[in-house]
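Here come two complexes built around subunit A, the first alongside subunit B, the second alongside subunit C.
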Partner chain A sequence: MNTQAILEIDGLSQAYSRNLFRKTQVFNDFSLSLEPGKIYALLGRNGAGKTTLLNCILGLLAYKPGEIRFKGETMRPGNLHRFLQKITSVPSPTEMFPTVSANQYMDFFRKNYDNWDKELEARIRNMSDFDWTRQIKALSTGQRMQVLQALALCPEPELLLLDEPLGVTDPVVRKYFYKNLLSVVAERETTVIIATHLINEIANLFDEALFLKNGCLIMRKGMAEMQSDYQKFIFDKLPDVKIEGEVGRMIGDAALLSENPEKTEMDLQTRGLKFKQETPSIEDVFESFA
Partner chain B sequence: MIELIKLHFKNKQHSLIQITLILLSIMLLGVAIQLISWKMGHLDTNTIKIPMFPVGPWIGTLGGLFVLARGRNGEGKFLSRLPMTKYEVFLGKVIFLAILYAVLAATLFSAAWLIAGVVKLLYPSLHFSGIPTFQGLGQDSLSFLKLTAPFLFLAALGFWLQKWFSSDTARNLLVLGILAITIAIPILTMLLSPNHLLILTNNSIARFFERFHGPLLAGLDLALFFGAMGLYRLRHFRNF
Partner chain C sequence: MIITIDEQNPVPIFQQIIRQVKMRVASGELTAGSPVPSIRELAVRLSINPNTVGKAFRELEREGIIVMKRGIGAFVTEEPPKEFVSGFSNTVIDNKVRDLVKTAKSLNVPKKSVIEKVNVEFDGGNR
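After this line comes the complex of A and B, so read on.
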């Protein structure tokens, strides 16, 4: 496998103008490097900077200072369209033109990209259960997602960005969306970044989770690493004091997450507190860090 | 580029057909009412006025604003995700607008000629006023170009401003700028004019309206445009 980073973000700073005089700083000197062929889960609470980061990569938002490099080449507003041949995204279905048909969309995209996987297009069409001559407004959200999936995958991207792709869809749509997506990206070794809040659904899909908090990357780990590095301690009532090794708490579960289970166990025994131990789920880790 | 323009047409064909049908219906209705009045003897003259719409100024003003409009919350950024430069996207919209104007103007002008021709065939004693001439068509096209140009300039300025501000702020700045100019021109004129000592009389108000009906109409266009966007909650314009 090629080990050169597919995407490098270096010293990125981005601020939203709330009005002429006020700005909200989202990123300040943010850096990240992604390896090719991996699936990354971009996690964080609302406002952590997930969408902003993806929009910066896509050139939808300006940033200054900072540099984003795709396969070693710096992306600038002037040359961005070249990179967008290889970086695709799945936008929200509400962004689609309502009176354009799915077929017309496919034709338009096919003519705009240098590469187009006709075989994959045929495969997605065969698996779909709707008429592609129908207008977008006549399709359900799940059907629109199938069109968007085809539009994002057929150009044979090397980097695929998904921002809350399935927020409003039912579980069946979500299941098949990821199933189809994974089969394609596995074949091609496409790098994927999925920003989502439905973390349990992607728990078995990603290679690495990138936790964002207030525009900072606070943790970067794989699922197995997360479960071996941390331990969940459950109580009847959460202790009032900070426990040794504690990295965060899950208030609803009356539990805490520890990065050093032995120390935590000793501390709890010293304090005479009763507890149960469990391997944490990704949701537990998310809640503790978020 | 051709594909992009075709996509805009496919997206807007419904609205275009609706606008054309509404304007044609008004035109037909206007002629029909006058014809009935004439036949019933309520019309003093033998002349019927064809209600012709000068679409040039309207599309010229609102069209430029359509180019500016991108919607809120990331909507309308669909095309920006494609491997096209933003100037291609911009140019695509502008060419689409020009074609849209040409189609609408040609349809309305031909309809006016056709209606006048058919009525004249049926009632040869009738005369018509307001039938568009080629000169009128030329003037309408000119007003479309004259009005589109400053708004396209503003749209380009908007892109330029986005280097420093968010797209929302850049657009708000432009709207503020347009409003400031609309308000500042009459005030400055009043201040600089020796006959105005900052006293507004009935006469001065009348003179003001007489003199500045252009900017006032432009202001009204703007208010209408944003009012319409609010009413439709950007439903039809957000993806433009």
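After this line comes the complex of A and C, so read on.
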């Protein structure tokens, strides 16, 4: 088995200018290493740095200092085109050329990539319900998403970056998208990074969740680990004081998340508080940490 | 073979898969040597991570219930371990009985009436 990292991010720093004199630092000495053939969920509140991170990997944003390596090779502006044969992404549909047809898009991409999965293309076209000779401006946002999905999956990428890929698509499109994605991943061992807010929808999909907060990786865990490491305590009314073992609270639910259930249980009992215990969902964990 | 997952169930998905395959082997629905769906097929059908299915299959293989043949697929072993079949059925029933008794106690249903209901259910099933 190949255990070499597919992507290594080393000491990444990235800042964007707010005006001539001020900069906002998004990442400061950020490092991350991803294994091949795994699906990663990139989670974080709005503004946590998810899109910035993906744009750095795609070479759309400059970073200094810092290094990003794909299968051990450092990516630079000069050699980026080679890597982009193997790294694809689903960008925002508003960035498409309005007067180009879906078919023209497909033809152009097919010519520019070394590999192209014709069978998958046929499958995606078959399940779509629109005319691919139409121009992009005549397609709905959901239909454009389907074109973008085909463009990202068909070149047989080794690394696929999805930035909120299904925000506006209908449930049928979503279901087929995940099914196509999974069949590609299972067959080729594609590594996938999905940045999304629809956490529960991908709860069964990812190997590891990467939690970003203010440009820092605050947690990296698998779903099973998350559920065994933490316990959810539910109350009628949240206690006013911090409870032992507590790592965060879910305000809407009057519940808290504990990393040490025994300690928390004892503390709550000595305080004479009533509670119920539950296995947390990924959304509970997200809410407590975000 | 139909395998389903319950997303509300806090039991990890790979364990739900293991359980269901075991259930079918123990019940005789899956006979020795019969094929099990491939990892890819199951992952796509259930919309779950292929590595999760792989993890379940590896565990099943370690326990000697299935055997994976590279490039061909997974099959139920020719001789599933005997102690597994009886042991598994017992564990499942033990857990169900424990749940039943717990529920009955919390609802103050007397032992006698629970046993009566079990008897009725058993005989009703013979019709």
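Going forward, the second predicted complex is superposed on the first by the 289 of 290 C-alpha atoms of A that agree within 3 Å, B and C clash if a C-alpha of one lies under 4 Å from a C-alpha of the other, contacts with A are read in each partner's own complex, and residues count from 1 in each chain.
Simple rule for what comes next: a residue touches a chain if its C-beta (ideal position, glycine included) is under 8 Å from a C-beta of that chain, and two chains touch if they have at least 3 such contacts.
Treat the numbers as computed from the prediction; the structure is a model and nothing was measured.
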In the superposition, subunit B vs subunit C on subunit A residues touched | B
Please indicate which partner A:Y16 is in contact with in the superposed arrangement: first for subunit B, second for subunit C, both, or neither.
-> first
If you stack the two complexes on chain A, which partner ends up touching A:T279: first (subunit B), second (subunit C), both, or neither?
-> second
Looking at the overlay, does A:T270 come into contact with subunit B only (first), subunit C only (second), both, or neither?
-> neither
Classify the contacts of A:N126 with the two partner chains as first (subunit B alone), second (subunit C alone), both, or neither.
-> neither
Once the shared chain is lined up, is A:I39 touching subunit B (first), subunit C (second), both, or neither of them?
-> second
In the superposed arrangement, does A:N112 touch subunit B (first), subunit C (second), both or neither?
-> first
Counting only touches as set out at the top, which of subunit B and subunit C does A:T94 meet: first, second, both, neither?
-> first
Take the contacts of subunit A with subunit B and those with subunit C, and give the residues found in both.
-> none
So, in the complex, the side of subunit A touching subunit B is made of residues 16-17, 19-20, 51, 55, 58-62, 77-78, 80-82, 84-85, 88-89, 91-92, 94-101, 104, 107-109, 111-113
Touching residues (chain side subunit B, partner subunit A) in the complex = 3-4, 6-7, 10-14, 74-78, 80-86, 88, 162-163, 165-166, 168-169, 172-173, 239
Along subunit C, where are the residues that touch subunit A in the complex?
-> 5, 7, 10, 12-14, 39-40, 43-44, 46-52
Residue positions on subunit A within touch of subunit C in the complex are 37-39, 175, 178-179, 182-183, 185-187, 203-207, 223-224, 227, 278-279
